[in-house]
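In what follows, structures are represented as structure tokens.
Each of the next two complexes has chain A plus one other chain: chain B in the first, chain C in the second.
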Partner chain A sequence: MNIAVLVKMVPDTESRLEVRDGVLEESGFKYMINPYDEFAVEQAVQFREAGGGKVTLVALFSEATSIDTDLRKMLAIGCDEVLVLRQPGYRGDRPAANAAALAEALEALAPDIVLCGVQGIDYYQSATGPMVAHKLGMPHIASVTKLELVDGKLKAWRQVEGGLQVVETPLPALVTCQKDLTKVRFPALKDIMFSKRKPFENRPVPAAAGPDLPCTAASLPPARGGGEIIDGETPAAKVATLLGKLRTEAKVL
Partner chain B sequence: MSVIIIGEADGSAIKPASQQAAALAAQLGDSVGLVFGSNGAASQLAAPRVVSASALKSYDALQFAAVAAQVAREAGATAVIMAATAMGKDLGPRLVAELGWGYIADALEYYDGAWIRPNYAGKVLARLEPDGPFVATLRPNAFPAGDGAAGAVEEFGGEVPDSPAMTVGMESAGSGVVELTEAAIVVSGGRGLEEAENYDKLIRPLGAALGAACGASRAIVDAGWVPHSHQVGQTGKTVTPELYMAVGISGAIQHLGGMSGSKCIVAINKDAEAPIFKVADYGIVHDLFEIVPALMAALDD
Partner chain C sequence: MDPFHPYFGIEWYWLLGVWAAIAIGAHAWQVGYAVRLIRLGKPDDRFNAWPVRLREFLRDWLGQRKVVEDRLAGGAHALIFWGFLLLVSDVLDLGAGGMLAEFLEDIYLKDFWNLVVDIGYLMAGTGITIALYRRVVLRPAKLRGASIEGEIILLAIMGIVLTAFILEGAAMLSPDGAVVERNDWEPVGTLFAGFMAGMDSATLQTVVDVSYWLHMLLIGGFLIEIPRSKHSHLLGTIPNVLFQDHAPLGKQQPLQMAPDGRAVSTDELDVENLVLGASNYTDFSWRQLSDGWACTACARCQDVCPAFASGKGLNPMQIIFDIKDYGREHGRQLLAGETPDESIIDRFTEEAVWACTTCFACVDACPVHIEHVPKLTEARRHLVMEAAKFPEELQSVFENLERNSNPWGFGAHTRGDWAEGLDLKVGEPAEYLFYVGCAGSFDNRNKQVSRTLAQLMQQAGVDFSILGEAEMCNGDLARRSGNEFLFQTLAEMNVATLQEADVKKIVTACPHCFHTLGKEYGDYGGDFEVIHHTQLLAELREQGKLQVGDRGTTMTYHDPCYMGRIDGSHDAPRQALGGEIVEMHRCRDKTFCCGAGGARMWVEERADQRVNLIRAQEALDTGADEVGTGCPFCMTMLTDGLKSLGSEMVVRDVSEIMAGQLEA
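Let's turn to the complex of A and B:
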């Protein structure tokens, strides 16, 4: 079983978001592994532990090397090898161009299963996974909270409005992972030591183009001022005032 | 310009979010509807002409994208609009890949050819100005529904490719559950509830009394009190209801990212310093275990 996991590096959720002249200030960003992709890594390692095979982590990023330590942690969790595609001018908000670069690298790996997170917590487009599947000519199942591999077929439970859609697919297939899918393990010390000997390749790839729409101007949403604190002698009085305001002032009830 | 609206059926009714998409599409040009799985829903979509692919009952990315691409090409369309539901978020990228068009995901606003969409869970807004064909998904409730009339329905006559994937079942979350991302009112609970059972005792009944969807902070999802499908915030769902009620939620920045686009925010928390009060329109600084029962009693009257 050949499993590939796509991992995106995203700005840390604590990053300061400043906009100057319609451009988001990104130079101070520190990057972390997209949390949804970690669920994919854990799932891939569980499949490998149960049925053998190899787990290859594939990431696409700029030429900055500051992310290697984070990716090595995924080797400690149980990935067998890491391939980082280093692309000049890489941007996280170009799913079509990024899917093209990732799909090209995946073709050589010929994976049976491709796993990735449902979305990046930077641009939330949920687009790269399905686009990679399209490029590779395989089906995809998105937003999966439970995944089973039985007799060479995947059975997936995907989050939809009001419940879960249960889908089966033969391999090869791509699955995008939701949060409830797995709990990511903490690697043991010996796994961290052992991970240092696993293959870690940085591969330069050319800049890519796609039909992605560039952001022509960034802005911060209008700041919400603190509102009104509702006073009252009793809980009932406070509640009555609140409901009155919701009905007549805000008109939302 | 010709615009395809992909409408979504909820049983035999068209989803309100699809009517919102139809209203926007009517502003952009001559619209043609496409509805999967239900002739009943197809006959309600506010578009002058609607193609009904009624045989396709279960969502399948490959088949739906192939049908949508055929309808778009046949109509000479230069835009496809749909709601950013579970289906829209999945179908949008597949269709974009199929057509090689630009993609606008989860749009919040449109004016004069410019679209606004959220980055970083809405903490930054990006402006996109497509000069070629594009697919856009619209955040449910971000756009108004119009008063356009439903049009003539014709059956889809093109080819539906085989898909290796197959839907083998649906597991319902339970009847009467309001979907978080489409709800007009959301009531969310957090760590202030102290124990898992208080979510069922306080938040769910309050949600039911308000006809609201029930959400949660990351803290209580990670603690296993409620499934992740309830989580509002940067690693959960982004919601933009008319009314968002945060009960016992302190308001970490990741949570605020998922709900600060709500029209009206109410915070109930005994800690007056909680950051949630900085974004709330109305705050009650009081023990939630007294306020929620009082609220239930008042709503009962």
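Let's turn to the complex of A and C:
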């Protein structure tokens, strides 16, 4: 069983976030693995542990090597090899172009199962996974919260509005993973150390194109005004002042 | 009148010889068994600094330095201990039918020897009486549930003492009960001779014979019992005290040491041959194992343990019992090189392993240098790095440390934001580097402390800079919680940053940064002079660079464990504060943990098991207006604790209190 996991590197949620002249300033970003993709990795490793085979992690990113440590951590969790597609000028908000580059690499791998997160926590487009499935001509199951491999078929549980849907698909297939799918393990030190010996391939790929949309403007949420701390001798006096302000100033009462 | 005659037609010395062979044989076999078990431990080279070790041995073992800190139990123990040292030669004499006494008479030492032995018996007898009074009449709470072995052994050695007096007295009597050879060098013996004088010949002979054989039976029985019971401490304390730890208290050992005396770097670790922490008996060093036989069950560690006091599943004394019992119970398997199904962590229980705050109160309290904490931190190393099994809360903490180098996960680039508007040097050369630490950089309350301290230093004309964004977590919480690899990664990066900035002297307001940077970074190539801000502030005050007036309030001071006890630095904050301090009943090196150490700050604590409530109550009991402290985590814990108790008592850092009373 060959399993490919698509992993996206997204800006760390605690990274410095600045917009200059309507353009997002990305130079200060630190990157981390998209958390939804970590669920995909864990699930793939569990399948491999149960039924053997190989788990290949495929990432598309720029030439920056600052992400390598995080990818190696996925090897420590149990992936067998990493393939990083190094694309000059890579951007995270072009799902069509990115799906094209990923699909091309996947074709050569001929995976039985492709797993990835339901969405990237950078642009929240939820598009790359389905697009890759389309390009590879595979069925696609979106936003899965439980996944089983039975007799060469995938059985997937999906939480939909007000209920649960269960679907089945023959292989090969692509599944995008929701956060309740599994719990990502913490690697033991020996796994971290031994992961350094696992294959880690950097493959240059040309820029790809697709029907993506250009970003015309970016802005941060307006800064919140300072709050007011209400003074008063007693709690009762404070409440009275607060009520007054809610009536006259905020006009919500 | 003596007992040295045939019994049932057999010479007394044959009978005694057989009994001695049994007793000494059983004793030696058991001691050998314990020694073989201890030798299963990993090497720990403490066979150095002999003059120092000898001096410590005389002070701590012969001198009973820490034993007598408990006046009643310790005093009784010292009397029994010294008494037996003085009298032990009498056992040889009685065993040899008085030959030692004859020899000593030839060299004119018999009288002196008689006196020494008699005093020895008297001291032992007095000590035993006090100890029995304590156990039977006073019955301190901590003895509840203790086995009755203590009382039985006390009665047995009391028997040894009394029968010795009877034999001393009888030796002064003729067969018809008249005092014929009154020996004033044995004052107590003379007294006993007086009691027995006038007995008829047959009764007297029976009393002497029974006393002699009871005396010998008890001594032999005690020899057999020593290695099996807590009385193994008679022997076990010898290697324990002689090979006490010479590293600074609380310093942990790196994963692997290179021949140059530094730690092997994370890139070069020999992973295949690396045992990560301890889950097996044989993963501990021999010195960790020998602790089991040195423990006397005095329960002083139990008395001072914050985890035990707050009702958690950890009793440091039990950990030491576990080491010994586990070894004895699985001894056959262990000696055959097999691994028992039950691991040593199973015996400790994981709950116990994670309850420790690494405050080192137990280690400090132990009169015989037992090292409780390393056993638990070694177990944590195994659980984190090998088994990946640890409190769930710690996983995100570890990830935050990896990603943003602080436990809360704030963006690493915001680390220097606390200093906004203060106009501090960042990364520039200066006399001191102010190492702020995570709490001082990110925690709102403690950011105020960082600002106050920076301003005080500016005011006093101290030349200092900060690292700003380039500073990282020192790694204390990773190390104390068993993630040694993460600690070492952080330590290596910090050492590189500090060396690049050409830092020589570091001042920090966090005792954990102080401990790790100053005492542990040396293994990773970082040799810096590290001082705590209370030490710097005391110096500035003394030099008159900070003019500090009277407080006008009453205050108490909470010594952070890693300063007051582990470093022993408890005068500095008091000098810095000046004026009168209403002390809590546990203070200075006997301070009581706030509950945050050992990464417990980031692990959930059950509401009915909070350590900080105990300490907050102790602060309240002083009746002072406010509590001073010198640690950001103590600050958080005490503030929360006081709030939970419904108190409005204020907690402030030493620097804040000083800043509030500055004169011009």
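Brief remarks on what is shown
Here is the rule we use: the second predicted complex is superposed on the first by the 221 of 253 C-alpha atoms of A that agree within 3 Å, B and C clash if a C-alpha of one lies under 4 Å from a C-alpha of the other, contacts with A are read in each partner's own complex, and residues count from 1 in each chain.
The rule we apply is simple: a residue touches a chain if its C-beta (ideal position, glycine included) is under 8 Å from a C-beta of that chain, and two chains touch if they have at least 3 such contacts.
Quantities reported herein were computed from a predicted structural model and do not represent experimental measurements.
In the superposition on chain A, A:Pro88 contacts neither chain B nor chain C.
In the overlay built on the shared chain, the residue A:Met193 is in contact with chain C alone; chain B does not reach it.
In the superposition on chain A, contact is made by A:Gly162 with chain B only, not with chain C. In the superposition on chain A, A:Leu242 contacts chain B only, with no contact to chain C. Applying the stated contact rule after C-alpha superposition, one finds that A:Thr145 touches chain B and leaves chain C untouched.
In the superposition on chain A, contact is made by A:Arg185 with chain C only, not with chain B. In the superposed model, A:Asp12 makes contact with chain C only, not with chain B.
If you count the residues of chain A touched by chain B and by chain C, you find the higher number for B.
Shared-chain residue A:Thr216: touches chain B; no touch with chain C. According to the touch criterion, the shared surface of chain A, contacted by chain B in one complex and chain C in the other, consists of residues 14. Interface residues of chain B, counted against chain A in their complex, comprise 10, 58-59, 61-62, 65, 85-87, 89-90, 92-94, 96-98, 100-106, 114, 118-130, 132, 134, 163-173, 177, 179, 181-182, 185, 210, 221, 227-229, 231, 234-236, 238, 242-243, 253-254, 260-261, 263-266, 272, 277-286, 290-291, 293-295, 297-299. Considering their complex, residues 11, 13-14, 17, 19, 24, 35-36, 93, 95-96, 99, 121-131, 133-135, 138-143, 145, 155, 157-170, 173, 178-180, 211-221, 224, 226-230, 234-236, 238-240, 242-243, 245-246, 250, 252-253 of chain A touch chain B. By the touch rule above, chain C contacts chain A in their complex via residues 269, 271, 274, 276, 385-388, 390, 395, 398, 403-404, 409-414, 485. Of all the residues in chain A, the ones that touch chain C in their complex are 12, 14-16, 28, 30, 32, 185-190, 192-194.
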